[in-house]
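In the two complexes below, chain A is the common chain; its partner is chain B in one and chain C in the other.
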Partner chain A sequence: MADNGRKADTVTLTIDGHEVTVPKGTSLLHAAETLGTEVPHYCYHPGLTAPAQCRICLVEVEGAPKLQPSCVTMAENGQVVHTDSPAAKRMRQGVLEFYLVNHPLDCPICDMSGECMLQDYVFEEGREKGRGREPKRVFGRDDFGGDVLFYGDRCVMCTRCVRFMDEVARDPRLTVVERGSRAVIDTFFDRGLEGASFAGNVVDICPVGALVSKDFLHKARAWDLDRTPSVCPNCSQGCNIELHTRDNLVQRLKPRENREVNGHWMCDYGRANYEWMNRPGRLEEPAAGRGAKRCVADWRSALEHLFVKLREGAEVKAVGSASASNEALAALAAVAGAAGEVSARVFRSPRAADEVPLPGFPLLVRRRDLASNVDGAGLLGFERTGDDRANGGLEDVAGHDGALLVLGDELTDQNEDFGAAASLYVYLGTFDSPAARNADFVLPVTTFAEEEGSFVNAQGRVQRYRQGLQAPGSARPAWLVLGALAAALADGGVPESAGDVFAELVAAHPAFAGLAWDGLGDRGAALRTEAVHG
Partner chain B sequence: MAYPYRHESETRILSRGFGDPAARTVAGWKAMGGYEGIARALEIGREATIEEVKASGLRGRGGAGFPTGLKWSFMPKDARRPHYLLCNADESEPGTFKDREIIRWTPHQLIEGCLVGSYAIGAAHCYVYLRGEFFESTRVLARALEEAYEEGLVGTDVMGSGVDIDITLHVGAGAYICGEETGLMSSLEGRRGEPRVKPPFPAAVGAFGMPSTINNVETLAATPHILRHGGEWYRQWGTDKSPGTKLFCVSGHVAKPGNYEFPLGFPMMELIEDVCGGIPNGRALKAVIPGGSSVPIMSAEDCRECPLCYEGVEAAGSMLGCASVIVMDDTTDIVKQVRRMAYFYAHESCGQCTPCREGTTWATRILQRIEDGRGTEDDLDTLIEISEQMTGTTICVLSDSLAMPIISSIEKFRDDYLALIRRGERVGAA
Partner chain C sequence: MAISVKVMRRPEAGRTSYMRATLKGMSLTFKHLVRPTKVTLEYPEEQPDLHPRWRGTHRMEVHADGRPKCVACGLCPTVCPANCIRLVGGEDDQGNRYPIVYEIDEFRCIFCGMCQEVCPVEAIHVGRHFENAEYTRDRFVYDLDRLMEQDHPTTLLWDPSDPRSE
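So, the complex of A and B:
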């Protein structure tokens, strides 16, 4: 430790009695964080500039005449810092009391309750009883436009929202008006946040319940939500997110920090597109037989019959999906390959007219491809077909007289004759479809929210997502269904997890060489560059 | 037109031209020795100019009293980036009206001071940030500046020296906080008038992100005289730690309030009783705020032996500030005075820092409740604690400025508060 401190690029200091060595230019707040000490803060946010104005992160630095704001005070060699000294604690208690002088304390009806930094800090260190006797200031409520509602009375004036719109979205639509205790966040005239592309992030970074989502308003309490690390399925950027679920329904999507992909942010388009994950009327049980002869089967008998049919061999055409996991697509490719000569492996995927970049965090772009695994599908040998609305392009497939495997494409633009000529037609999906009428086997699979798996994003990064919902009925992950079939066809072992399928995928597809399931973690890992561009 | 506020014992350096309309013209100012200071500066060079001001011991007249020459020497020596001189003419400290008089009577004194300062720090551009309510001063200064440009005293090739110095007048919108140096810079740049965190200090990152120095009007106005006569000449007045002369703005309960120029260290009671004609109507002195409203209140007893210099007022438990002496006789309702001051600070807080934004307003409302006869003795403890929480916890010192009068008034005039709280009696309320 001490040796490192002498190097030019690091400094060694003491925080609360513990020596710590950090890179030069590290703030005291971050240095404390490396020791597991959270210094309370409101205005500071790792994705924004620090104005050092909330004044709750002040710490005692020996030798300094006053308490120092830890968010903008840089660590120096030999510094002795106390985050928990009587002076620092007293100051924090004072700042918290100042906040509460005008705060409405409407926690029982506030959406932020349970994840509110004011609630947490006051609970932790605030005075037992406030001394404010004066009537409270009232700002009331304002519709900021878009999905954002403003409760002025709850605001702690940290200005994170203003700075996000200025610095990150570079779309300055919020500001502080008036001054002193009359200061309040406001929009410019009537323009508001309507039509902004990233404004939902101001709700995430608001440390209190001042900015709330209209969509989520009074929908669920924070403590009733389960939070599952996942990847946004709504475009090929693959923003890291959390699924917030309750009652087996997705209640909202929240960004999850990943500085390689999305920073702390996600776009409004991705955030708003989650209702489809809760759509009722799902395929729940496997079924076999065409048209009127269709009857429900159990998985064992359905797969046994299907296995026999696949062994008959035929020319195979496979329709995959750019929303399916790498594991499902690889297993589909394996099944198709084992069943016969594969003459088509295609997928259809919608494309937006334009990209929507986030200027202040250039890595994050709402991509044209509005599906999560376009790049994975490509690497696994599937070719794009159809138009930008994911229609058409299946003319050869629809009338194919060999084996036809469809995974995750609802075929909404196809008619009832689809697959009529096929010797074997297998439809794996989440919803039934008129075009599945001729399917010999209709197999219910899970959505990404109901399974584990991985996607490859537009940067060539393989990212895992986890299961946040229970699957309806007997629906099973496609990697499990197809992986079991592929294993049976190749006399291999049945995969027990998505990780098993991924290991096989890595062995079979050089583009994924060198990657391991556990190594992907919750942050993902980049494919080798030649795999992406070669 | 005779200047109404005169006393024969004054030492008139800065105020020599007050009341004389001729001093507003280039010719008139030159007749009084004007523009000789900048001429000498241009002759002896930058470093020597700074040294001369250092030698004079001149301290900043805006309130903090920081040595001016030292401040100038903080500016980077290289000229890779533009340097700016900012003249703080946002005079808005309650009780202060000295800069206004300098500008409206001797605009060329300020222009010359700006030239000296700009030259010393290597600035080709000086901004004078004027208080928004200074209508007359702004008009006078603008006219004088126009003439100075015409005469070749300002602009390209100042007085044939090859040095370019432009001066721009910027009129604020009337916010107290824009008189805080970094708040002024934010406002000058077109942003909200909000002070900035230091470091970085203005000499490194100031206006428009460039190295900047900011000086008060009175400070800059003193520099031409120092250059013209030398630093040692300036030290003939004042004390060792507070050299030179100073304008004292006396207001409140005195017979002849006004601006009076005296050497620093001048006895406060002499200023009140002799120069200003004492307290009218035979009343007794109750309290003095010696440096503008942002400093601790002094009781009559504290004032007895107090010399008006930085160290003297500090020893008496307050601060010289910008030497704005507010005199209060025994008819003064201290609670009401403090409440009114608190209202001012609450109104002028920029609202960035929590302790100031919430604390100034909260304190005002408690004081209002006490004044209305609905206070309790606990309120005094709360007020002191709020004030302590507002001291040293914010980006700038606006909230400290309210904390000082609150704490000092409760310490020194607790009986006034208690009379209101316990018996509903307003002490001294006329």
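So, the complex of A and C:
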């Protein structure tokens, strides 16, 4: 049964009666995972080294004198492993009982409740009732600085946070002080986590409620949140994230694993920047007419009038946005191209002074570009203008006397004269702006959280994001509005999904050649390298 | 199937005496006059004796210092089948988690008592109480202060001498 004819770099073993073949160097914990068996674990995290100190992942290996920690025991040929044998179960129950000796069991007021690994494992395998009669030791809570709050009583001493700061952030600011039951995680003297750029990740990797986010404290229960796979819109790294939403508001952002982009991590800048997705006072209904003559219209009549105006033909200048999806920008380019001769396609985007790298995971860098789709906009023919604060650069456009299309740029630095001379001025945005006063058509569009679409990140990777919020009023995704107009101008079919627009984009832009919407999945797909650097 | 018609067979007029039935009825009436069987209750002078597991409108237990016992754990809005509880948690100045907003829409409530059953700190209770009349509909959304003011007895889903059913 061993390795008859199999390649030497794999090993075959039996776990819980099932034979499984895994690459050499795979831990028993991972091998069991391929069979769909989760071995409980605290100190082990796929992004960190394994110290095998939590002792909850012990499994029975036939022939071994004692139970083996599955996170550091490597799979070997012919091994027979039992993750659920009476001995392993008894051991886990005992370990869990020790964890609960000093655990306050304050699940009702703990923010981790509902996604806590201690809660899950005790519920599954722990004793029904505690036997402890002694008083529990009490630490109270400690402010670790930054966004992190520490509840020492809840800690299971897995040291994931210490190892993260040590190995991944390479900024060792946390440590274990004292020994035995007095052991506790602490910062060094008065220097906490404030100013650290990736410290928020310790909250994510904490398996219990010991490290919690101050921002999220008491805000929502874990089971109330809807989780939508998305892409972080706050810089051009495009970390894979989950939008956690409740009551149609984004409550927090959490990283989603993607080893090609962000590993298991995300930066604190991106994590903290979500309130703008909940900003009230949005544009909700389409409107037509300049200045005082503006009146609310319905989508059909607004688009029909706009279609007639676009057909008149004029020199077109288009202002895109580096926060808009590839689909919206491609549709904007298509509408501009069909309406007349395009003399400018520009976008403005803020840039930070420097990059913030994560030393332990070099792929992840908080990029200088603080908008999600700078690279996509570049590939789709838009040129950067303006300064590093996304101001200025629109002098040509402001006084343009042809057709003017603005998508997603709020024009906060422009005055009321913007577009006054334009023969046609279309403003597609999420918020009204003084500079939209002269717009012939003001069309409400959705933010990235309210639509489907894709971004190109700084690595040249096309990544899809999904809809997590309901759009206000009758706001529509920009790809739908512009895609319908482009289809009407070109006598084509109206797109029914972001995927339809993406297919047209792939056909029209060779940089995206070979990509398919369904092939992007939740992890994205890389553009061909010559397209990125060409 | 055809509709069947039942024909009532009545005694012919003039051939039957109603005297016997009348006397029977009158005798019952006189019996009540002498030895009455009382089924009505002179409410509100007399109050009904509610069943110990009667489930009426809610009340919130308070600590000795007047704080609500609720810790805003969110289990009651989660378990509520009628979705009538609105809860926003927060932290008070002593660092205790407490409900900033706690509202129960008593119109929407179906008085199942699951909120009381699920509460880990014995804070919310349904009451042995039925006099809920109000002049306006909006008064039926009980906020935290209102719930804390209620002083009617609580339902014995919960035994005060053995609060954790041990």
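As a convention for this text, the second predicted complex is superposed on the first by the 528 of 534 C-alpha atoms of A that agree within 3 Å, B and C clash if a C-alpha of one lies under 4 Å from a C-alpha of the other, contacts with A are read in each partner's own complex, and residues count from 1 in each chain.
Simple rule for what comes next: a contact is a pair of C-beta atoms (placed from the backbone, for glycine too) under 8 Å apart; a residue touches a chain by one contact, two chains touch by 3 or more.
From a predicted model like this one, the values you see are computed outputs, not experimental measurements.
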Taking the superposition on A as described, I'd like to know which of chain B and chain C A:489 touches: first, second, both or neither. neither
In the superposed arrangement, does A:56 touch chain B (first), chain C (second), both or neither? first
A:356 contacts which: chain B (first), chain C (second), both, neither? neither
When the two structures are laid over each other on chain A, which of chain B and chain C touches more residues of chain A? B
Once the shared chain is lined up, is A:72 touching chain B (first), chain C (second), both, or neither of them? first
Taking the superposition on A as described, I'd like to know which of chain B and chain C A:525 touches: first, second, both or neither. neither
Partner chain in contact with A:108 - chain B first, chain C second, else both or neither: second
For A:221, is the partner it touches chain B (first), chain C (second), both, or none of the two (neither)? second
Between chain B (first) and chain C (second), which does A:141 come into contact with in this model arrangement: first, second, both, or neither? second
Taking the contacts chain A makes with chain B in one complex and with chain C in the other, which residues are shared? none
For the complex, which residues does chain A have touching chain B? 51-56, 58, 65-67, 69, 72, 91, 94-95, 97-99, 101-102, 131-134, 137, 156-157, 176, 178-183
Within their complex, state which residues of chain A touch chain C. 107-109, 113, 141, 217-219, 221, 223-224
So, in the complex, the side of chain C touching chain A is made of residues 71-75, 78, 89-91, 95, 97, 120-121
Hey, which residues of chain B end up touching chain A in the complex? 175, 177, 192, 197, 346-355, 357-362, 365-366, 369, 378, 382, 385-386, 388-389, 392-395
